[in-house]
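Two complexes are shown next, each including chain A; its partner changes from chain B in the first to chain C in the second.
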Partner chain A sequence: MSAAARVTEPVITAAASPRSRSRVLAFGVTLMFVAVAGQLINLALRHEGASTIRVSMMSTPSGTLARPDIVDRNGRLLATDVQMPSLYADPLMIQDADEAAEQLATLFPGLNVRELRRNLADRTRRFVWVRRGLSPGMAQRVHNLGIPGLLFVDEIRRTYPAGRLGGHILGRVDIDNRGVAGVERYIDEIGASEAAFGARLSARAPVRLSLDVAVMHALDEELAGAMTRYEAAGAAGLVLDVRTGEVVASVSRPGVDPAIAEEALDPARIDKVVAGTYELGSIVKLVTVALALEGGKSLESMVDTTQPLKAGRFTIEDLHPLGRPMTVGEVFVHSSNVGAGQLALSAGLEAQKAFFQKLGLWGPMRTEVSPGTEPQKPAQIGRIEQITLAFGHGMAVTPIQFAAAAAALVNGGTAVAPTFLARDAAVPPAKGRRLVSPRTSALLRDIMRRNVTDPVGTGRRADVAGFEVGGKTGTAEMAVSGGYRKKAVLASFLATFPASNPSFLTLVMLFEPKGQDVTAGEITAGRNAAPTTARLIERVAPLLGVPAKLL
Partner chain B sequence: MRIVNIAALLLALASAFLLYGLNYDTRMIESRLQSREREAERARADIAVLRAERAHLARPERIEPLARGLGLEPLAARHLIPGAGVAAHGITTSSTGQ
Partner chain C sequence: MSFSREDRSRLAAWWFTVDHVLLGAILVLIGAGLVFSLAASPAVALKKGLPAYYFVERHLAFSALGALLLVALSFLSPRETRRFALTLLVVAFAGLIVVAWHGNEINGARRWLSIAGHSLQPSEFLKPAFVVISAWLLAEARIRPEMPGLWAAVALYAFVAAFLVVQPDVGQTLLLSLVWGALFFVSGQPLVYAAAIVVFGIAALTGAYVMFPHVEARIDRFLDPAPGDHSQVDRALQSFTQGGFLGRGPGEGTIKTSLPDAHTDFIFAVIAEEYGAVACLAIVLVFAFIVLRALYRAGREPDLSVRLAIIGLALVFGLQALINMGVNVGLLPAKGITLPYLSAGGSSTLAISITLGMLLALTRRRVS
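After this line comes the complex of A and B, so read on.
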């Protein structure tokens, strides 16, 4: 450096010398450059920009949910999300609100023109929904109107490709794609749906139901056919796996289309399998006979059925009294009300009530699609209630609940919890709680089979060659306020197959069937529900993989 | 000292250019990535629509009349023969599985 500096060198300390000062300066500058470079690298490599954008998107509130697909047990699509354009208007950009509303009304017949005109004329607003979820073709036609201020935004909409098939179970979603009923509601409850930002479709795994579309369709068709044949007002049916509790098919007619909210809210279209409660009639004798067998009786034990049963001012009689004592087996096969009543009376009030409770018939039964409906039970149980409960009157339960109890009675005696979700096939089914002894279960299967093979059995028209059908008929007079309607019955048939080692249980219910030539004018279940069950089982057993026993 | 300064300056300049270049490339790649993601999103949306349409067209309600029109009918017990009888009927089972 300079000479002057060198002169002062001895006086000034080393740290303060100009040379070291410039060195410090250079070092400082370098350090700053390094810091700047480091920050640049940091910014370039860590995508800070992208995450800031995402945060700003998160802060925009969006009510719409992206939902996972719903598929049947074989992966066939039942419900899926698609992107659809939704039409909105920016009133500030609309030049002639009246004309715009007029033109839109020609495209959308259901549109409330007055309200739309008022909304479009409201210059304080910048956003007015016109119609949500348009088809691409409709969006093009709106576009072709060439009205400025009409804009589109992509939204997620739920579609149900199978239409009414499974509509009751799928439930439905609201305008923001939130589940409000059925499996759709369940999906939200377990948190399988997620908030949809920018109309992004859900990437989550589909929800696999226990339903089989092919079996559902077969059941639906057979019920429709039966409604036509027997001029029934309604019909419902169920196919249940008696070991796992999986509901393979559940159909209630008239059905609902999940895309049409009015249908789901129509009381006439209630799900008769899961939500409706009914007095099921004689199929409940299965429970009464089970109670007697559990109490130590055998199918050959004698029951006094010679006299009508008296309880207060009521008299219980049989339709076709034999006029002699019957065995427990005959009570079942001849569907004797007197016999069933006697069996209940001999078991005792407490035992009967406890048995209903044990089978889950005393309280609501929860499934994925419904919190369950509370059964209608008699307020007090005396002698008459004891007798009527024994043959399925005076108490109304949901059919799926009864099917679950019946499944437990025939599957070897262990509890079954019906589910609408497919089970993981890799996991062996957990054994349910034991409800009745294997002996009772075997005897019930035996007597159900005998009811179909016996030439006088009420279920003889349900037989299907090769599939060993066993079952029980039930013809219940339908309750109206203040009594029963004589000619309006609920005809049902509960069946299991193959009876020697059941895999499945079916329940067919026909509401208010009429007497026809083919039924010899009768409206009893043996004439309508039983043959319908035969047609059903013949058709679905191959689909369910039940091997036919061929001669 | 001067050499050190010049070297530092050059180094700083060089790293600045390098970083600018890197940053620019990153932005390019990011925007390409975004457009690819948009394409993928569009493709996913199209797939969803097509799957829904296919499921709608393959719904049993529509297939059944078509199948019956072709002379097909639901499988029933009378269509089945015991395993021992297969050979007698001269039917090979090779293509009927699953």
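After this line comes the complex of A and C, so read on.
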């Protein structure tokens, strides 16, 4: 049939319209449907990919760290990571930056609304943190605002279930969960933390500290009680294992909560055990007596204490002079400044300085939680400095540093390196470098014990039946720039128990205690720090596994 | 339903001649629309301060009305269908003129007419009527070349397109142009003419790009997705990837709370997020089935005018679905075109019912 013939028919047949053209049309339409279906499958396949995109977003250099748990020596939790939603915004998806910022401000009163509004309105950005580490309830409230462009991502945040207990030692982490202080910083330094992919928690074994939460708590309570009882401005304490150097407890009040950054930065909340340096006063006489004993003297050697010591324009005299020569032992028990000065002078300047250096009191002492604070030493040492150093003035060291030296003096004479990490109990403790002879150490333990048992000993109020407490008091006038404050003292008590074969050493320090009825109006360490130590040892000795020897 | 073959009533005649498979597929689509409207629209309604089931109830009402309209129109004979289309064309065109002078402006375009508290979009109703009449004119142009059928078809197209462009409704103009061009091509006009129309179409598109800032912006944004505000399409794409194949589960979607047009233009994305790509593929399959089934029936239709009308109606319906889904999955630039029966919207549902009602009427088997 010709085309002309076809068009003349009254009802044109299907053949008039070329069948091939209909097929082309149907084929085209089919292609379009296939394209949509293909794109659907393509997008759905990206489903798994979507989560990897998220992961890579969080593993960028600014991403957070996954940290191992921190536990005490008995495995009790001190710090752990938890997953929490963090809120961010995609400014490109925010429709009304002003309203979004305003609504968020109602939920987060602390938010900087002006900055947030500017960030949300910045359409060149696709990622702006709003608030990190939200509680699930808070996240739901944000979600309920129904503002497009506000999105959540799970992040890991550090939490400290023990609150302020151990806060100084644990240190803290920054917003990206990186350790910036204390044990947290140490964990990063030894590489125990890892980049947190997709808010996955660390699978590494917990870091076990030498601290014992129970002993920490007892020490914290006793210090708090003493602060109230003696109206002290601050207090600090330490329990040290003299055999291994493990710090079983270390408390400084007022404490810090690792979760509150402001507290860690508050100078009033400095760690008085590890970071602060203080003139410790008469407890340093332990070092001076050790120096004399190492120099060949015995506890019965006589010291001339009849006259006050003169050095230039200074005159050193005792509070209650006996008016007669004393033995070395009596210098210790009566805490004679003149006697200690005489012992230092007779040992000689070089020997005295070398002994301080040997005991590690001349430079900073490094621990896991701190690089150590440089001691404040006299610019040059003359006769007067020799005398004051002998009774603990004119030089400031960290208390933990002094405790380490004292531990070496009483443990038989070998060096002790304080540590905040638990030691592997299966490995016998390595013997430290010998610092003093076993004889000197034994004599020092003996005299410390005598200082507590002697009815006139300054440490008599520290005695605890059955635990053989030995110790030394120290009441140091607190230094202010250019001089000393009268009536403002640092009252300390250094103790070890059991004195015949010491396991532990305690140091209790009370800052600016006031005279009370119970102290007969006095502010000396024997009246406040010593009885506080007694209460402490009575309470923690059973926790520490020290058997009581009751007759 | 069962009827005796002896039954000569109009109902029985309809039942024996209507394309059951096509009718079934359309009813499946209407049912799916009701189910999915429960997914998206309560969230949008609450956000707008309306009762939760405001849009669901409206959807139900319009779906029921649409289904009635669909079945009623499918009773028409081809001749009645053409008359109905002509009447509708005149009425819709009148509506278009009224809208041009005092219509309600929504989203920067005058497309809506308020009738008794309901807003209607005359251009929606214009589409099926225009297609049927164009098909008739193009067929006439082939059957009776001595009559000016071709010129009438071109004139009708130019007139309608001009009015839509003025609105301005570039999307609908594009849709109608595509359908009209396809009909022209299939009607058997020389390929040279068809080629000329393609050239004209490209020129017109370029013109729209230059003349309408919002068209330019949308196309630019589509071609260069980096900067600027394309959050709606972005968010829609996210929901496809987040849904995966099986979806996050009914009610678990999040896009519906963040997209203002979740219940209309972006219902496909909502379905993807909650029910997954499998559900979306099923929907694509139903649309494709309806279109291809209609094209198949058209191929067996002896009357050119009826045949072209079937093709045109199927294309109007199918292209509308394709454009909407294409925008949702990011294949096409953003365009405010609804997904037949699935998107909420009275005008759209009724207009689609008219389209498919006429399609069913024309695909009924006849003795010729």
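Methods note: the second predicted complex is superposed on the first by the 489 of 551 C-alpha atoms of A that agree within 3 Å, B and C clash if a C-alpha of one lies under 4 Å from a C-alpha of the other, contacts with A are read in each partner's own complex, and residues count from 1 in each chain.
We take it that a contact is a pair of C-beta atoms (placed from the backbone, for glycine too) under 8 Å apart; a residue touches a chain by one contact, two chains touch by 3 or more.
All figures in this text were calculated on a predicted structure; none of them were measured in a lab.
When the shared chain is aligned, chain B and chain C each come close enough to touch A:Leu43.
By the touch criterion defined above, A:Ser22 lies against chain B and chain C together after alignment on the C-alpha atoms of chain A. Touch criterion not met for A:Ser500: it reaches neither chain B nor chain C. In the superposition on chain A, A:Gly146 contacts chain C only, with no contact to chain B.
Using the contact criterion defined above for the overlaid structures, shared-chain residue A:Leu92 touches chain C, although it does not reach chain B. Applying the stated contact rule after C-alpha superposition, one finds that A:His217 touches chain B and leaves chain C untouched. Contacts of A:Ala548 after superposition on the shared chain: chain B is touched, whereas chain C is not. Once the two complexes are overlaid on the shared chain, A:Thr30 sits against chain B and chain C alike.
Judged by the document's definition of touching, chain A residues 19, 22, 26, 29-30, 33, 37, 40-41, 43-44, 47, 49-50 lie at the interface with chain B and also at the interface with chain C.
Residue ranges of chain C in contact with chain A, taken from their complex: 47, 139, 142-143, 145, 182, 185-188, 227-229, 231, 234-235, 237, 240-245, 257-259, 272, 276-277, 280-281, 284-285, 287-288, 291-292, 295-296, 298-304, 307-308, 311, 315, 318, 322, 325-326, 329-331, 368. By the touch criterion stated above, chain A contacts chain C in their complex at residues 7, 9-14, 16-19, 21-22, 24-26, 29-30, 32-33, 35-37, 39-41, 43-44, 46-50, 92-93, 95, 123-124, 146, 148-149. Across the interface of their complex, chain B is touched by residues 19, 22-23, 26, 29-30, 33, 37, 40-41, 43-45, 47, 49-50, 76-78, 80-83, 159, 161-163, 165, 200-201, 213-214, 216-218, 221, 464-467, 538-539, 541-543, 548, 550 of chain A.
By the touch rule above, chain B contacts chain A in their complex via residues 1, 4-5, 8, 11-12, 15-16, 19, 22-23, 26, 30, 41, 44-45, 48-49, 51-56, 58-61, 64, 74-78, 80-82.
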